[in-house]
Amino acid sequence: MQVKDQNFKPLVVSFCCNWCSYAGADLAGSSRLEYPAEVKIIRIPCSCRVDPLFVLRAFQRGADGVIINGCHPGDCHYTSGNYFTRRRMTLLFSMLDYLGIERERTRLEWVSAAEGARFAKVMNEFVGKLHEMGANKRLGDIRCKE
Amino acid sequence: MRQKAHELLSSGAVGAVLAWEKGELPYDTSPAVFRDAEALDKMVYNGFCGSNLSKYLIEQGKQDEKVLVFLKPCDTYSLNQLLSENRVAREKLHIIGIGCKGKLDVEKLRTQGIKGITGIEENETLKIQTLYGDHELPREDVLLEKCLSCKGKDHKVYDELIGEDLSADTEQGDKYAKVAELEGQTPAERFAFWRGELSKCIRCNACRNTCPSCTCLKCVFDNAHSGVAAKVNATEFEENMFHIIRAFHVAGRCSDCGECSRVCPQGIPIHLLNRKFIKDISGFYGEFQAGETAELNSPLLCYDLEDAEPNIISKREGDN
Amino acid sequence: MDKTYLYYPGCTLKTKAKELDAYALQSMEMLGIPCKELDEWQCCGAVYPQATDEIATRLSAARALEEARQKDCDLLTLCSACHHVMKRVNHDIASDADIRMKVNNYSEFETPYAGETKVVHFLEMLRDTIGFAELKKRVLNPLTGRKIGAYYGCLLLRPSNVMQFDDPENPYIMEEFLHAIGAEPVLYSYRNECCGGYVALDDPALVQKVCTKVLHSAEQKGAEVLVTACPLCKYNLTKHDSGDVPTYYFTELLAEALGVKE
Amino acid sequence: MLVCWCGSNIAGTVDINTVVEASKREPGVVYATDYQYMCAEGGQAMVRRAIEEHSLTGIVVSACSPRMHETTFRKAAAAAGLNPYMVEIANIREHCSWVHKDKEVGTEKAVVLMRAAIAKLNLNTPLFPGESGVIKRALVIGGGIAGIQTALDIADAGYEVDIVEKSPTIGGTMAQLDKTFPTLDCAACILTPKMVDAAQHDKITLYTYSEVDEVSGFVGNFSVKIRQKARCINSKLCNGCGDCIEKCPAKKAKSEFDEGLANRKAIYVPFAQAVPNVPVIDQTQCLKFKTGKCGLCEKVCLPKAINFEQQDEIIEKEYGVIIAATGFRPLSPERYGEYGYGQLPDVITSLEFERLMNAAGPTGGALLRRSNGEKPKSIVFIQCVGSRAEPDKGKSYCSKICCMYTAKHAMLVRDKYPNIDVSVFYIDVRTPGKNFDEFYRRAVEQYGVNYIKGMVGKIAEEDGRLRVQGSDLIEDTQIFVDADLVVLATAVEAQASARPLGTMLTASMDQNNFFSESHAKLRPVESPTAGIFLSGVCQGPKDIPETVAQAGAAAVKALGILSKDKLIGNPCIAGPDELLCNGCASCEKVCPYGAITYADKEINDHGHRTTRHVAEINEAICQGCGACTVTCPSGAMDLKGFTNRQIMAEVDAICR
Amino acid sequence: MLVDEKGMQEEVIRMSGTEPKKCMLCGKCSATCPPSMDMDVRPHRFVKNVKAGNIEALMESESLWKCLSCFACVERCPRGVEPASLVEAVRLLVIRQQGKNYLTADDIPELIASDEEIPQQLIVSAFRKYSK
């Protein structure tokens, strides 16, 4: 068990699909729901646009967690994108876990445009978990540390 | 085999023959293209012909001629995968399926202290002549890693089969044993294991170059415009990234031919990364063997509405 | 029907409600249901402790549940209150990590108990193990022409998300049972309304009010007798009926129908 | 680089000046400033001026969500001669100032978001959208009042419309109603003329007893398979005489139109004014289908319209736009067993009550008890049955129409039968609508309806009557009302077929299976999927006036597309680098639109000419999801506007 | 000493595991409750008072001893509030205090003597509900 560092601020890259999750995040904002500022959102058209390279890139550059958000299964704006995401990310996350990267650092969540509260909740949970785990030491790139 | 090759080459039915060529030493064989019936003398097929010829067909297939290729049962899976991805045109091939009793790993001979080999008689028991005297040892002790979990003696694609029943009755080992062992460890142990292995990587790209699924015209890691190009592993991260992405790019396409590990000069068990994906794919989305047929779609190109969510990873392995 | 049930009788079934227990056991024997009484059972506590911080009051139920797991048996209950307590404590242990941890800390079972046991009420056993159609075939003395109101009370039915016993507002399992033994079930609106329960001790007048409501409801729909699975319900209803609609344990009628009532 | 204050919305939590100053240190930034309301005319003028004065090649606006004003700023950029796709938005309102309370934290995050947008913009290239044609025909799915109104409005504007309706007649739920609030018009009197108008309109084609089987394509070019179920009647020959119905001996089927309160024949028209007036044979009830014998209808039909051999027919048509108008169903109250619905015959739903009050209904308009056929002396109405509940206990929303129709029912009862006592149990009476509260007050003041604030806990049968046990919260007491009839105002529920249809249309649905609108305030009749519009209750509970208004709005939005000859596409689409493409066709397999094809092409590979099998994108079909880009291991496929490099640049900027 | 109403409110909510803020004051619990009319604070007002933090007043309430724990309010509440659990939590606050048992062992012999039909179940359950 690692000692919790109170000053540790986990950096989180959150990929949000334009149609559901990004709108869900917008709704979290317009509903004035709080979640940690360490969460930074990148807008993508669909969760299926997330390449494993992007996930690794984030870890390389110092992210402590990566969370991908898409429309609920069945609700993808492009019909099927999130189904591909689900397979790809399940396998990728499983592989990272296999290499000993803590599995709590990666997450895939379905957040609809109506689920502002859920977006905030998921982000709070995710960051809370990262707080417990501490900084990403296993998948960072030494050159990218300050 | 040689006779068949001779026949087809001299009749003009094929323009080239893709097979193995003997080298200087008894265990030294390498893939070769024969265009000339005379040269076929150098052709060889023995216990050291482990290499998978299917990938060479991509390059050979570009000529305007038919190619004769000899494939062991396991090689046909790779070929099917290539056919499914339009990397090779079936009509340009004449495929002869040949038997296989499991191929030998010269490294394993060496670790048994057998050096200076001058000749080998292959039977269930191997008789090996060396500069320092003769040795005898059971064949199964020195089989290639990939042969320990043989896919069986059936050819999945061929035009004709020769050398009836040359194949051994294969016994299928548990190919996931090592993967499962790693899965059973703590993340810290797994991390230590893979750090130990991947830190050996010298980025020679042999695994990539030999892999019959790594068939991009230009690899992302070689493409200066891709944003991730890297010729060497400058940091631990790049070691990890290269191997994760390499395995991911062949996930659902890798037939588990084991060439990557066979050719790795550093002895990294690269196939354990591929097998992890194969195990997960088969576990999550139903039993799957890439290259079983040329019509098969990679599980990453399709989906099921009821697919498992990523948290299955945690559910499956408990809270270790 | 190979699996032996582990039977939990509960406090009252060995004293004031002996007939509920005896008729059940006789009927089970007649029906060929293998069943064994729990070796050393303790009172279940009679009421379910709703407060999440009540751990000690959950322990005796936990012990019975754990023993059933050890013996690889389903836990068979008969008294509504026992069934309610067993089922809910089991649910708590299965679904609430905090309660699970505390119960196990106190109990020091060899293997931590996590709610693996299935708690089955006698009526559920009749329905799911024997089947009411089969029961009907085994009846020797059908109770033809007897108009009987099933009285469920609260504890078997509510809260339905945990009890999963029957439709909490329009239950039907006892009516099916009555059909099977040849009687004519009488449906009445207050068959799932509380009898007043333990308040009987403190405020008999209040209990009289609620019991009268139930009894009147049954009577005006033509019920001649009521059946129940709960000693406390029987006590309250019997105390407040004017003699017109007596209350029996359902097992007594079962034994009668099966021809094993002495 | 432009930073918006959004009044105090952003400036309250983000120090604008810090963001502006920080941006000046970013590569490529030549000008940075701020303004109170960037989206207002003044702000947009400022954008135009900045572009012109500083010859900007791209702009980043740090403001509200791009979902709000990206289009606004793109237009402003275009007006200043800049390619509109050289605009990036940093969302420092919804994703920053509104989420965080601490100004330091908010400012720091705003700077990072701004940096990510600049990093992306530095890799932007001008994009030019393609064009695609528009098929000038609309499909309306659902033939209730919403669908009929939308279809009429589109047809009146001169475009062809098809209505697909799953039941044998158009008319929907409104046709089942007796009177309508707040004017108490007879529903049939105002609806049936519209049904006839729709049937007779030369631009409208009705497909009744039909369902949508498959939808493909995209805005302007949808292609739809409609399954016309076998009616077993040749509609062209049938003259609607009704002789067949007269003679049909199978009369035990429950009438759907009468909510099961009356029976109908196996061959039937749902109600007298049905459109089209062509019967349908219910194959599950028809003796000919069940036993092979009978065929009476066939014998009496003079025009020889009966055809037992008729099969379902698949009709394939193309449309430019699709309007969903699938309406609703009242929730079945059976799960609320405490009310006894399904057990106690005198407990009925509001829609059943409509049929009982209707002169054409099963009782000829006489309000009689279901148990014994007697006149009731006392009626209790219960509101909010299944509405306003936790999700596992019912519907979490207010069904919106129940307060008003209950007031209407209560009023109609008291009007027709002044001797009947009427009580209404309510939690709140919600009457926001023109003349609505006045209507409710009339029920109380003029008609003497007894409104009781509180819910009902149980309905028991006592001595042949219904004992309604409720709360009177004003008196803080439990009360018992003896009633002869109880009417449950059940929640409005989306049609079961709505979600599968939504999936077919790739239109997103909310958690209650209503269709999601593109924007709750500004785009209420558009689905987020281009070319799909929403009419009526399929989008959420509505009364008739609102439904008709929304139906018209949906028609106008649909006409906006139908009236165009060309649609400007989204330029953010996928495209292959042919030099890298190895022709494996993986991308083709994951494309949901079939936008990728493969062709042999001559490729100039650094002066070396070869013919290769490579991917080609149909720019009119690609919607830009990016599924193909991740499938391509060599990175040959990339997505314009969201390239690999751009996204990685954003990642880098965030993680810096 | 000042009574810590806020702390007691939190304690009640924690013990009961139910959230009174979900209540929309529809009154269905009080409509449902069999002894509703014998209560001074009917279930919906009980919930309202917990929400408002008036725990001390509730501890004085007669309703604590009238609730039958029949769970009808729990079953029927459309908002997933459990009034019965709140009543039980407040009752526990009372009887966990020193000397505040509503029923004591000394009362039992007399009660039993009054009616020999009384089943154990009644004694045990009343004891469990009314004393610590």
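Per-chain numbering from 1; labels A, B, C, D and E assigned in written order.
One rule holds for everything that comes next: contacts are C-beta pairs under 8 Å (C-beta built on N, C-alpha and C of every residue); 3 or more make two chains touch, one makes a residue touch a chain.
All figures in this text were calculated on a predicted structure; none of them were measured in a lab.
Please identify each chain that touches chain A as well as chain C.
Looking at chain C and chain A together, the chains touching each of them are D.
Please identify each chain that touches chain C as well as chain E.
The common neighbours are D.
What is the graph distance from chain A to chain E, where chains are linked when they touch?
The fewest steps needed to get from chain A to chain E is 2.
Given the two chain pairs A-D and B-D, which is bridged by the higher number of C-beta pairs in contact?
A-D
Between chain B and chain E, tell me the centre distance in angstrom, where each centre is the average of that chain's C-alpha atoms.
For chain B versus chain E, the centre distance works out to 72 Å.
Distance-wise, how many Å sit between the C-alpha centres of chain B and chain C, to the nearest whole number?
Result: the chain centres lie 65 Å from each other.
Report the inter-chain centroid distance for chain D and chain E in whole angstrom, where each centroid is the mean of the CA atoms.
A distance of 46 Å separates the two centres.
Going by the contact rule already set, what residues in chain A reach two or more other chains?
Correct list: 52-53, 57, 74, 80, 84, 88.
Can you tell me which residues of chain D touch two or more of the remaining chains?
Only 338, 392, 458, 590, 631, 644, 648 qualify.
Which parts of chain B, given as residue numbers and ranges, touch two or more other chains?
Residue numbers touching two or more other chains: 220, 228, 300.
Of all possible chain pairs, which ones touch?
A-B, A-D, B-D, C-D, C-E, D-E
In their complex, what parts of chain D are in touch with chain E?
Within the complex, chain D touches chain E at residues 338, 384, 388-390, 392-394, 427, 453-458, 469-473, 476-478.
Would you mind writing out the residues of chain B in touch with chain A in their complex?
Going through chain B, the ones touching chain A are 179, 182-183, 187-195, 220, 228, 234-238, 240-241, 244-245, 247-248, 251, 273, 276-277, 280-281, 284-285, 299-300, 303-305, 307-310, 312-314, 317.
Spell out the residues on chain E that touch chain C in their complex, using ranges where they run on.
Interface residues on the chain E side: 14-17, 34-35, 38, 65-66, 68-72, 74-75, 82, 84-85, 88-89, 92, 102-103, 111, 115, 117-126, 128-130.
Mind listing the chain E positions that touch chain D in their complex?
Chain E reaches chain D through residues 22, 24-33, 36-37, 42, 44-45, 72, 76-80.
Given the complex with chain D, which residues does chain B contribute to the contact?
Listed in rising order, the residues are 85-87, 215-220, 223, 225-228, 249-250, 297-298, 300-302.
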